[in-house]
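Structure first, then comments.
Letters are used for the chains, namely A, B, C, D, E and F, taken in the order the chains are written, and counting of residues starts over at 1 for each.
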Amino acid sequence: MFFHKQELQYNASPAAPDVFFARKMQEILGGQYGEITVAMQYGFQAWNTKLPGKYRDLLYGIGAEEFGHVEMIAIMIAQLLEKAPAGTVEAAVKSDPVVAAVIGGEDTQHAIVAGAGARPVDSNGNPWQGSYITASGNLLADFTSNANAEMQGRLQVARIYHMTEDKGVRDMLSFLLARDTMHQNQWIAAAQELREEGYEDLPVPSNFPLSDEHRDVSYTYMNFSDGKEAAAGRWASGPTPDGKGEFSYSDGPTTTAPMPPVGNHGDPRLYGTTPEPNLLDKTMGKIKDVVQPG
Amino acid sequence: MFFHKQELQYNASPAAPDVFFARKMQEILGGQYGEITVAMQYGFQAWNTKLPGKYRDLLYGIGAEEFGHVEMIAIMIAQLLEKAPAGTVEAAVKSDPVVAAVIGGEDTQHAIVAGAGARPVDSNGNPWQGSYITASGNLLADFTSNANAEMQGRLQVARIYHMTEDKGVRDMLSFLLARDTMHQNQWIAAAQELREEGYEDLPVPSNFPLSDEHRDVSYTYMNFSDGKEAAAGRWASGPTPDGKGEFSYSDGPTTTAPMPPVGNHGDPRLYGTTPEPNLLDKTMGKIKDVVQPG
Amino acid sequence: MFFHKQELQYNASPAAPDVFFARKMQEILGGQYGEITVAMQYGFQAWNTKLPGKYRDLLYGIGAEEFGHVEMIAIMIAQLLEKAPAGTVEAAVKSDPVVAAVIGGEDTQHAIVAGAGARPVDSNGNPWQGSYITASGNLLADFTSNANAEMQGRLQVARIYHMTEDKGVRDMLSFLLARDTMHQNQWIAAAQELREEGYEDLPVPSNFPLSDEHRDVSYTYMNFSDGKEAAAGRWASGPTPDGKGEFSYSDGPTTTAPMPPVGNHGDPRLYGTTPEPNLLDKTMGKIKDVVQPG
Amino acid sequence: MFFHKQELQYNASPAAPDVFFARKMQEILGGQYGEITVAMQYGFQAWNTKLPGKYRDLLYGIGAEEFGHVEMIAIMIAQLLEKAPAGTVEAAVKSDPVVAAVIGGEDTQHAIVAGAGARPVDSNGNPWQGSYITASGNLLADFTSNANAEMQGRLQVARIYHMTEDKGVRDMLSFLLARDTMHQNQWIAAAQELREEGYEDLPVPSNFPLSDEHRDVSYTYMNFSDGKEAAAGRWASGPTPDGKGEFSYSDGPTTTAPMPPVGNHGDPRLYGTTPEPNLLDKTMGKIKDVVQPG
Amino acid sequence: MFFHKQELQYNASPAAPDVFFARKMQEILGGQYGEITVAMQYGFQAWNTKLPGKYRDLLYGIGAEEFGHVEMIAIMIAQLLEKAPAGTVEAAVKSDPVVAAVIGGEDTQHAIVAGAGARPVDSNGNPWQGSYITASGNLLADFTSNANAEMQGRLQVARIYHMTEDKGVRDMLSFLLARDTMHQNQWIAAAQELREEGYEDLPVPSNFPLSDEHRDVSYTYMNFSDGKEAAAGRWASGPTPDGKGEFSYSDGPTTTAPMPPVGNHGDPRLYGTTPEPNLLDKTMGKIKDVVQPG
Amino acid sequence: MFFHKQELQYNASPAAPDVFFARKMQEILGGQYGEITVAMQYGFQAWNTKLPGKYRDLLYGIGAEEFGHVEMIAIMIAQLLEKAPAGTVEAAVKSDPVVAAVIGGEDTQHAIVAGAGARPVDSNGNPWQGSYITASGNLLADFTSNANAEMQGRLQVARIYHMTEDKGVRDMLSFLLARDTMHQNQWIAAAQELREEGYEDLPVPSNFPLSDEHRDVSYTYMNFSDGKEAAAGRWASGPTPDGKGEFSYSDGPTTTAPMPPVGNHGDPRLYGTTPEPNLLDKTMGKIKDVVQPG
């Protein structure tokens, strides 16, 4: 169960409205790596996990915090929109080019659809969607996904930090940056602990029978481009991070196979193009036979 | 530039058609973590990077391999569909319940839309989409995303491996599993090398001015659930993976802020609901004034 | 069958082109609550209904009108785009900041994709989609959905009315506002008549056996937030609109249940994380047994 | 802020796994009218509202309950999937046709993507998306939208109730049906109270200046189909629900306007087809003049 | 304006319900090339065209017919669903494997969402979307798009024709096949007439100044694969269909250009990875300078 | 297999950055008819075809070229974004209205999400999606689709050519225009050759048994609009392009059928509205009987 408290985790009030920045802030609310994504991602991982205890607690504990971040950013956006341009452009623009840029760059749906409110979309107006989240049931894979989400998220917050000078907005972003720092560190630590405690290991999934894998190509870098510098990377020689092999380097693939023959010509009732030119009448006859036997 | 060679990297022929499995295999072709995703993701990372040399070479070298995997799986699916059910269900099902399951579980668009061919969709028929990929320009974040993609991808290949006993299909999946092993290891190694060579560090982005971050909440686990076990995790005490702090634990948030006041009542021309009951006529008057001054 | 007449229901010509307003007008054409939505929604409700007579006539009669509104708005947009910026921005902007706002705020696909034509998208360029419509087969639910659609639609038309001073555009919007007034009233009246004639009642669906519902929680407001004012609302005491109960108020849930135990550990062939640390080798053995028995 | 408690509002455990029903249950989790929709819809309405007090409390209080319903259903689905078919179809189907139907009707991503877990998608695998929600800032419109959402939601729960005989599942659905009964009644009551307290009225938005609306067509049913029965409905005569007019009936439109002339021929740089046959060379010359003046 | 007549253009009644076939038929209703697509496509082309007269008449005349086909198929689907499985699977399947296939292959939303009604989706449940249509303003391009749409559409109708033996369904499909034959022929004829009357020509757009095109590569086949047979095609030698050149063949590209240098290192406030290892502290200093000058 | 070469097919460097034009150029990269579409479309057609030889070689040979065009445009966009606005709008706009237009018109995700990089989206930020491509297995239909794609693509390139004066951008567009000229011609030639060699013919699919088609309506133009000019077109009289009939003209449909009766009243467990007013109690009784027999 979730319970709501009518307080925020941190201040979320801008010094002044700014509709163009409100649009930019939608990215960290409803974008691929916005707060809705992490809140829902940690939620689904928690609900689906078969591993009770500290890992599930972690997912629940952070997931609920992220729903609170969704709320903080939505409320911030609603305030940034308090002077959303509801009148004609001409009157609003007057002679100030900054206003022109702002008007041109607004999210038009903020006013028309939401009446000066936040929306579950990204900074280009694409609706948030369930396919943004990852919850595979394999926690090492998922914690890596979580670490990535927190990295991408912190990166985006850092970027928009520089796109405003509003002290109120920056204050909230400074708070979110710190929480993203925590969450990045946390998921990396959690992934390490999972491995140390033996729940999972590299390569994910570590308990797929390696004898069923083509081990001869498990640690070879195969270069399908004509650049030569990749041979110098750590991924081209030395022990592998999974501790089970040695990297090697091959300039090009080490295996090859012929294209399979096209095989039969397909069911004629699918009307695909097949290698039998000038045989349409005959084919037509065949189809009728299939369809209307006797 | 890309050049195509009419050979495959590995065998991609099933022992026999299987339309239900063809649908399942769509997941690793056109799903969130299918081969189209990694091919496009590494491509966009390469095209956008500002860091030439071995890292870009790596992206190009692997990206092209992945486009070849797209091809292998598409060709495999086309063969699995060679006996796609183009006739009526009744005739096909006869009395064999296995056939009934297969018919019921097919991707109907395989026959109707593609004429027994592969499609750029996942196993539920959702079209592949550009929002699946990640290419942020920050390579430590992106290599972490790549590692996650290879983990999720290998996990899915391992899962569908058990959903077929077709020796041809399994042979190809064994090859893909091995390549995913390589790529998982490779991106982890590449991320490590990036950090060791000083291009980027934790927390991503590492060069955001820490003085502009609320450092007091950068390393504290705040528990928003009522589970107590998360306090025992490595993310709740000890040094942080970024080497810049010490984890601490708080049962609940350490900060709070009041809900901001709702502020003004919004532009009346947006017709939102505001705290002025029984004042509709007056408001109507005001709006006319705004709209038709004078 | 539908027949087309090369006249419009009302004037749809702007006084002058305005590409930014053309983009805004897309919202009421191809947005969530645009004219395409209501046209298709009433159509599908009519085609699916099992209730012939005046209700189906109503759906057909209004549905066809809405397709005509789609046409009116599309033609209006095409005219607003007659001077779509096909040349470089620099030449167009010159020194007029209003032009800068207009150029910046245009829908770039109007020129590039449609050659100065309307498109089936909303004001942020999101394509119209079938998931916007509602047609459940239950007419009381659907008429409520229709009333909502007409309310949201009229609200959006009223909002964009103030975003232009073009007399031609406003004239058409004044007409659409009036028709939305009619349609709002009409669906509310139709919902009332449905109830009065006994076709359906509250709660929808009214003929689900109430004995199969947990009646003890059917009329209780349970407060999951910490605000106290909701207790004063009409939804917290007094008779319920369905005439079958009395509202009551509870500060918090009246029921609770423990989290179900996680149960078994999942099929090992799905490679989820389960509570068996340090047992990977054993697990691997088990999987091989399952996969390759004997 | 949201806080999580590791208890459920009600029991959510099936008597036995059922992967086909798990897919059906996705509809009420991640569908257009599933629990994610109402949770997010009430959240955004609360965060955006400019009307503090009991109405906002109501939105917060119910919104948090709905997030708890998301959790209940997700956990139920995860349990229904405990025997998700991770092996080959042939072995699973054996000779039981019920198993064949179940296998054929499963959501293949439940096993492949989520490792036997719930997903934020509907029963056809379409990801949940932000465009499902409505939050316009006008509470009478939005409460009508909420009433519709609860009607459609209860309808869907009632339908799937009959698609299972599992006592555990039915027990939870009986609980959800009761809560939907409450929420339907509640939003209808809240809409009535909003009107009675004078915050908003019909037609929404009620304070748009009626003098700017074409009042002559505000209350006329115009029949664009050839059915005659709609004239007998309450929407064709008598007082209108908004209390401001009288319904009338017209067999066909009461207004007409000619198609606007196509106007100018478009910017030649958009290369549209215009009424100047056989003039390509001349046009080409003109374009060069425009593009390369001088 | 559109007017509706409560008759169909042709019979649309099945001999018996068939929920699995109902799902398949969704493809020709709400799929990429279903009737909604052509109806909307011809509509938008008509509304946007700057060429009045017979071509616009054609678009209007056919467009309205297609809306009638949408209706026919929707009504057919609703009848096919008259026995949609609303009860439990087990009872329905009994011992008939054909029923198992049908149940497994149903569109679950037909019953749960639409109450045994048609939906604006394809046979995999993907909602119809505005991005399926083409309306560019250039009629030669668009008529080619229309010809393609009618070809793909007729192909799909032909395919599903064989997937049923229901005489009523086949009767309607036979009618639609004939109309698709007409429409294929018609768009090809219309494209020819456009060219003959000089409105447009190949290559589209024909009046782009050819001197601004790199004419040296306008007619050369460049082979980027290692197959050699394409050199034998009509596209590799002889006159070109636009009548303005001669095809030639090159095994590989005829031009090449070096990768552009990566250029500057990007704005540090975007935190991309740039070629300056071990310089993080210095960079951090720079960023602060940019952000907080003075 | 695909191999990558770190060269481009042609120069792809702008004279100067231009973030607004970068957004426009996204259309020809990730739009409905952008380079990703043709690259993937030709790829899937090649992988699925059952016709080896010159036609498949053609698909492979051109498909790989198009992947190279994807790369060229992505790299061009990345360079156009080298001065993406990472700081505040106010500082950037200064007093230059051109800058205001550019800032207002940017794709905000270019900076926030991609760190000044290209993205797999169109010029309105909609992600590229698999439903843009066509690969039916019938090569005459698909080559027509390809011809259309190249026409639409060349049209869009021609349009954006006029939206910039940057010599570097125009140089690349001139190259792409020439390649589109080639590909338009090529697919038209390939379609002709397919017909001449007897692989397929009009109407597609040509080998559907014509006796199963309602031939009486196969060549009649039926006018569903009130325009009269379409009767004068080539599609209304004379021989048909498929060589199998004569066009005729009918002002309106030549056939009609009554609406089918609504039939039974639906399964009561779907709770649809049916023609049985005031019978709710009785119905409820019936439902209980069905659900809980005995």
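Here are a few things to note about the model shown:
We adopt the following convention: a residue touches a chain if its C-beta (ideal position, glycine included) is under 8 Å from a C-beta of that chain, and two chains touch if they have at least 3 such contacts.
Computed from a predicted model, the values in this text were never measured in an experiment.
The set of chains in contact with chain D as well as chain F comprises A, B, C, E.
Listed by label, the chains touching chain C and chain E alike are A, B, D, F. The copies chain A and chain F differ by a rotation of 120 degrees on their C-alpha atoms, rounded to the nearest 5. Mean C-alpha position of chain B lies 25 Å from that of chain D. Centre-to-centre, using mean CA coordinates, chain C is 5 Å away from chain D. Of all residues in chain A, those touching 2 or more other chains are 1-9, 32, 53, 55, 60-61, 63-64, 68, 75, 86-87, 97, 100-101, 103-105, 111, 113, 115-116, 121, 124-127, 129, 131, 136-138, 140, 155, 158-159, 162, 204-205, 208, 212, 224-225, 227, 253, 256, 263-264, 266, 269-272, 290-291, listed in ascending order.
Taken in their complex, chain E has these residues touching chain A: 155, 158-159, 162, 269-271, 290-291. Listing the residues of chain B that touch chain E in their complex gives 1-6, 49-53, 55, 85-90, 92-97, 99-101, 103-109, 111-113, 115, 121, 124-127, 136-140, 194, 197-201, 204-209, 211-212. Interface residues of chain F facing chain B in the complex, by the touch rule stated above, are 1-9, 30, 36, 40, 43-44, 47-48, 60-61, 63-64, 67-68, 70-71, 74-75, 78, 113-121, 127-131, 133, 135-138. Within the complex formed with chain E, the chain F residues making contact are 6-13, 32, 53-58, 60-65, 68, 75, 79, 82-84, 86-87, 111, 115-116, 126, 129, 131-132, 134, 136, 138, 140-141, 144-145, 147-148, 151-152, 154-155, 158, 161, 170, 174-175, 177-182, 184-186, 188-190, 192-193, 202-205, 208, 212-225, 227-235, 240-242, 245, 247, 253, 255-260, 263-264, 266-267, 269-272, 290. Note for the complex: chain E touches chain B at residues 20-21, 23-24, 27, 31-32, 97-98, 100-105, 122-126, 155-156, 159-160, 162-165, 224-227, 252-253, 256, 262-266, 268, 270-280, 283-284, 287-288, 291.
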